[in-house]
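There are two complexes below, and they share subunit A, which is joined by subunit B in the first and by subunit C in the second.
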Partner chain A sequence: MRIFSVLAICLCIGFFSSCSSDDTSVTSLCPEIEESEQTALFQFYKDQLIIPAYEQALSDLGVLNTSLDDLLNEPTAENLSEARVAFRSAYLSWEYAEPYYFGPAEDQLIEDHFNYFPLNRDSLQFSIDEGFDSDLSEKYDRGFPAMDYLFYFGSEDEILEYITNNDVRSYLSANMDNMVNRLSQVVEEWNGSFGSSFVSNTGKVDGASLSQIINTYNRHFETIKRNRIGLASGVLTLGFKNPSVVEGFYSGLSLDLAKAAVESSSNYFYGGSGTDSQRGIYNLLNDLNIQVGNESLANKMDATIVDFSQLLNDLNSSLDAAVINEEAAVSELYQSMSSYVVLAKTDMPTALCISITYVDNPSDSD
Partner chain B sequence: MFKLKSVVILVLGAMFMFASCSSDDEVIDLVDDDTYTVPTLYNFDNVSYSGQTQRLAMMSEMSSLMKSAVSTDITLDVNQLLAMYANDSDNAGWTGTYSKQLKNKTFEPVQGAFETLLNEMAAISSESGDYAAGTAGIVTKSDGSKSYLVNEKGVEPVQLIEKGLMGACFYYQGTSVYLGSGKMDVDNTIVEAGEGTEMEHHWDEGFGYLGAPIDFPTNTDGLFFWAKYSNTCNEYTDNNKELMDAFLLGRAAISNDDLTTRDDAIVTVRNVWENVSAAAAIHYLNDAAEGFDDVAVRLHTLSEALAFIYSLQFNEGKTRTNDEINAHLTNLATTSDITAFDLTGITSETILSVRDALASDYGLDSVKENL
Partner chain C sequence: MSRIQKLSSYLRSDVSIAPLVSFRILFYGLFLFGACRFLDSGWIYELYLDNEFYFKFYGLEWVPNIGSKAMTFIYLIMIVSSLFCMLGLFYRISSIVTFITFFFYEFTDATNYLNHYYLVLLLLFLLIFLPANRAFSLDARFWKIKSYSRIPRYMILLIQVQLAMVYFFAGLAKLNTDWMVNFMPMAVWLPAKGDLPLIGPILAKPITAAVFSYGGAFYDLSIAFFLFFKRTRFVAYLFVLAFHLMVGLLFNIGLFPYIMIFSTTIFFSDELHAKILSKIGFNPNKGSTFIVNRVAPLYAALSLFLFVQLILPLRCLAYPGSVLWHEQGYRFSWRVMLIEKTGVATFKVYDKDDVFLGEVDNSKYLSPYKEKQMAIQPDFIMQYAKYLKEQLEEEYKIKNIKIKCDCFAALNGRASQRLVDPDIDLSKQIDSWSAKSWIVPLKDK
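Then we have the complex of A and B:
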């Protein structure tokens, strides 16, 4: 009898606890964010992150432009070496400008003309033969990937000989001009009317600045997860690895580029480097007390960022080698990034009542 | 007194259980009164998989053409073979009329490998001499009943192409693509006449790659490719019924919006279809061991076995890793590269040891000698 009542109490406790353990619902839905807070946030992003990133990228692109001219005028091993150094700097700088794919960047189709990878060598050859067309889109034949190939595809002698070809020279020049023109335009508009409208475009509708930030942040992160890590690792292709589809395959820069991309993404989230930076989405989420399952969402995101950043830093070779030789480590990295997407692409937008508007991977037709 | 108290506590506890679970979780239906019947044949409303049927037909035409090349007076044109693969109808010389392609539904990373094999097929089709290690040619069974064209490494390319595409195209699409989240996490409400909902249609297309009639396995006439090979080993595996039942269950579940059961059916389809390929591989390895001394039998059956093992990779729910699958290929043919298999050094010990390993990997130990 006594046992019976003790059992009954235990059962009740059991019933109580089983209902709350799996609560992962997002609290604080659709918080109001004061206009002044929004404009301060956007001003900060514009002046401290976005414009500096674009201007640095443009500056480094200018240096590359000069070295390229030197190389094409005088194809020597020394000039090739200098062009390669300038290429590396420009490519890495670009990683810090790449996330902000809205407004001027989108108008200029900047990522199409800067960094669609992996390069399609047939497309590249066709375009070299036919001439560079600055209006073409989705050709996987230009931008940094084209230079990655043309500066690194073979031995120094082979490369120097190939680029003395008039077609190739024209192509490289036109490709560079196209990039400089478009990026200049982007910088100009951010420093001009678009920049101003960005700061004052408050609210939560699609196209408002907060929506642009949340959407492009996620979109960029997914390109890291999928295009820089996932596709090569085989996780998306039944375990068949594709080392050659990594960013910077020919130059061997894939790991450096991925690290820069991750750092750039983190800067976007924090509003600079680290959790003690000034004013980013991270701070916004904490100020609004956004929680998931009784835990700060911002802190959960921070912990995961720290996790996958460390996993990436632990890799020992370029990504094309790592997917073969460090399979388990790459797999763990991919899993960590996948878990992050849940926080960033589902929990965060839900909490802020921002719609995710981009389509990341349209499914193929029948 | 104790009894009364404990009863009250129990009741209160029960009340709290129901109350606190409902706040923002879904209501748990404690009594499931949604039942539906699963039909015994694939006679659902709005079923269409004509695209899949086309591809089976194209593969049949290609196979017939390639196999005809064992005749010394027939030489294959590589351009025709490649045109058939990519359905360039001007150059394919089809008997039927097709609007679909085999190539673009082949698992992309291996499309190039199959074109290499088609090139090789055409290249050796002009051989009219006997095969010897290092020389492509014809092998004939000791009873004179059949001949096969093999390459200089003793491999019969038509088997790699036919069974390899069964794997990299049909099996891949049926298990990984149509039953994968890209095709399953779709609308299941709007019914298009003749096709059903998007989800129903994709499921039907997955089924279409099996090559079975709607009353399979009661009816085992008109079996194409996978259904045929399931049937070959069915006496010892019972895969016919298991696979068909899973397809029937999944389709019925989808039509009744029971996605949980659909997901269970997906797992079953993937596992059983995998078992069909493993069993077929073992079957041919047994034939190879038994007929080892007959060069034609040995090389022909081993080529089939290799292709069925190779195919195991293309299932998203595969129970073994690519490395494990590739190890079997390497043990048999010195490499896992389908364009470079070499059977010139094969021994019957190796055949049986790979057979045993496969049987162990795929739960076919108890029937491995019968398959």
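Then we have the complex of A and C:
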């Protein structure tokens, strides 16, 4: 009997001394989301956002392909001009398709093959000399950044002369074919079996559609914050600016591309751009009444999105110039985006009980 | 006889060596399997990269930064030595080597801390001092060392008490409001397994988290007692099997369930162990009885060991606030699976006049996994800040920079909150036993 009273005393001591906090407030207890609501959400994303974005990107890529062929067959100033216009359209359309890096896009390693910037010129030269190899996926020497360089690196005459080289021509063709093949594959899968399984893949497991959306949304946003704004602005290099690492440096499209990336990210969050029928994560958070510190999380996120979108739109020149001439404005933009990451990467997944999985976890946990 | 004398003679009363032998075989066998599994997984190459920053445990900063090649070599040695231990070959040396190699594996980088690695380390340590090779071993067969058929009871008790402390403290750690009132983190982790066949939908229900939380706490607090007493032992072991297998199925915890399932066999009677081992050739009568001659140093060592094992888990009492949040005294205290915590840590660099210079790109210095671990543990944040100061001052050829951190973490379903004081130069903070004043307390709202 004595041993039990000893035990009881231990337990009491344990309870009061187990270094606990008295905090009992939590933002949510992992709200259950109706399966029908989930499938409706995924259906909306698939039909209204993802497939249209991919199909548009593929279509514009096709136009670029045609004008590239024209240019390579007949390297004239006119054809170069047309190719540049097609390049711009295709690059901008691509921004709207970039966020959905899971499933087919991930299988195709679409990021590596489409838009790994900044370009590594030595790597590009090497690949031109050795020939395009689609299986080598770690090099900053292909996709849009390669064309960005090759269409804009110098004067028109210099460019037209350079692309008469057979190596360069075959490189450009192979690069283009590679992109078209991969993107076609992605579109096909989304229109096919992957698309259907995406709609029905409900639940909160890693790999379920909601988790894919939250994770890739965050991942994409971080590429905007870091790769498109941060690195060039010098904030990540103690104030030493790196204008040449912006997206679309040679073509001067960096600001347009960044704006498109931000808009596409916002579309991902809202489920579209201001139409009445939009039905995205924003609506889901509000429907579930997710609060953070007595404020609607969705509204907090919305306010910050509006803030940095406006700051971005206020910039006047291409980003490589802006990081030098509009330093304060770029800095403010970066800070605004940083404050957003806490909401999107910590609060939103916590509230929905989704774990951020694109940070890998080698080994067991405890 | 006085109580002390009664206790002393109880501790020295002899039991068959069989439980120790089976523990040696099971434990080292499982360890061997685990080491091979780890080596085979390739995780060494992901966790031990030569040019990355290594986080250290307080007081163990002298452990070198072992890269993947050296770690592989250590693992190979560990595999051989643990095999020898299991077979009882060159046992004294092998058990020491196994302990040392595992020590280096465990303490090289603190982000790899896991409670079950710590338990394994403790058991490896204890096994060095126990005569586990004195029966049913290759040492006994080949080298004709003195065999024992009976050993003092305290040797078996020591392992039992160690395991009991693990369970009990783990149970004690669960007596906090997050676990018992909000059913966190079960309320997050169980629904995430909702796709499992049959049990998935049950796991997704809120009531299941409550059942798991209360059940888990009760199990941890009581199981050692039920295992100790003969009447309840068999049923208790069934619960051990059920509990650990289920937890192993649900969560990504590696060999932890099996460590407990295998180790808790030590609670069974020595007669049962002798009977089972006899079936595979063990002779329970071969050898003499191990007599302890000098009890004073023995009792002193045991007392010291037990004292340390009791104090370590309780050291968090010395610090104000929630240990789940500030994590001072969190490790080495059997706080098992208590938190779902994520965070974002942005390091800002200032010059000596507090002029903002820039931010740190963490991906340049840390793998995503290490960054994730660092962002939620304040002592790691501080270590990393010191490292950054060194690195940046060298890279940019500047002096006297300050490193501050904008760090937000979300604990067990709460909204994200600031974890550290954003105005403190973290690179100047000193790690010590005293409470870290720059950790922002967990807020109620």
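Everything below uses one rule, namely that the second predicted complex is superposed on the first by the 328 of 366 C-alpha atoms of A that agree within 3 Å, B and C clash if a C-alpha of one lies under 4 Å from a C-alpha of the other, contacts with A are read in each partner's own complex, and residues count from 1 in each chain.
Everything that follows uses one rule, which is that contacts are C-beta pairs under 8 Å (C-beta built on N, C-alpha and C of every residue); 3 or more make two chains touch, one makes a residue touch a chain.
Every value quoted in this text rests on a predicted model; they were computed, and no experiment measured them.
Student: Considering only touches as defined above, state whether A:Lys345 meets subunit B (first), subunit C (second), both or neither.
Tutor: A:Lys345: touches subunit C, not subunit B.
Student: On the A-aligned overlay, A:Arg226 touches which partner chain: subunit B = first, subunit C = second, or both, or neither?
Tutor: second
Student: Looking only at subunit A, is it subunit B or subunit C that touches more of its residues?
Tutor: With both complexes superposed on chain A, more residues of subunit A are touched by C.
Student: Could you look at A:Gln185 and tell me whether it touches subunit B, subunit C, both or neither (first, second, both, neither)?
Tutor: In the superposition, A:Gln185 touches no partner, neither subunit B nor subunit C.
Student: Return first, second, both or neither, reflecting whether A:Leu238 touches subunit B, subunit C, both chains, or no partner chain.
Tutor: both
Student: Which of the two partners, first being subunit B and second being subunit C, lies in contact with A:Cys353: first, second, both, or neither?
Tutor: Only subunit C; A:Cys353 stays clear of subunit B.
Student: Where on subunit A do the contacts from subunit B and from subunit C line up?
Tutor: Comparing the two interfaces on subunit A, one with subunit B and one with subunit C, the shared residues are 7, 11, 15, 18-20, 23, 25, 234, 237-240, 363, 366.
Student: Can you list the subunit A residues touching subunit B in their complex?
Tutor: Where subunit A meets subunit B, its residues are 1-2, 4-5, 7-9, 11-12, 15-16, 18-20, 23, 25, 234, 237-240, 242, 363, 366.
Student: Provide the residue numbers of subunit B that touch subunit A in the complex, in ascending order.
Tutor: Listed in rising order, the residues are 2-3, 5-7, 9-10, 12-14, 16-17, 20-21, 24-25, 51, 107-110, 172, 176, 182-183, 205, 313-316, 318, 321-322.
Student: Could you please specify the touching residues of subunit A with respect to subunit C in the complex?
Tutor: These residues of subunit A touch subunit C: 7, 11, 14-15, 17-30, 32, 203-206, 208, 226, 230-231, 234-240, 292-294, 338, 341-343, 345-347, 349-350, 353, 355-356, 358-366.
Student: Please output the residues of subunit C touching subunit A within their complex, sorted ascending.
Tutor: Contact set of subunit C toward subunit A: 38, 41, 43, 46-47, 112-116, 171-178, 181-182, 184, 187-188, 191-195, 204, 206, 221, 225, 251-256, 314, 316-317, 319, 321-325, 329, 336-337, 340, 342-344, 346, 349, 357-361, 368-369, 371-372, 392, 396, 398, 406, 408-410, 412-416, 442-445.
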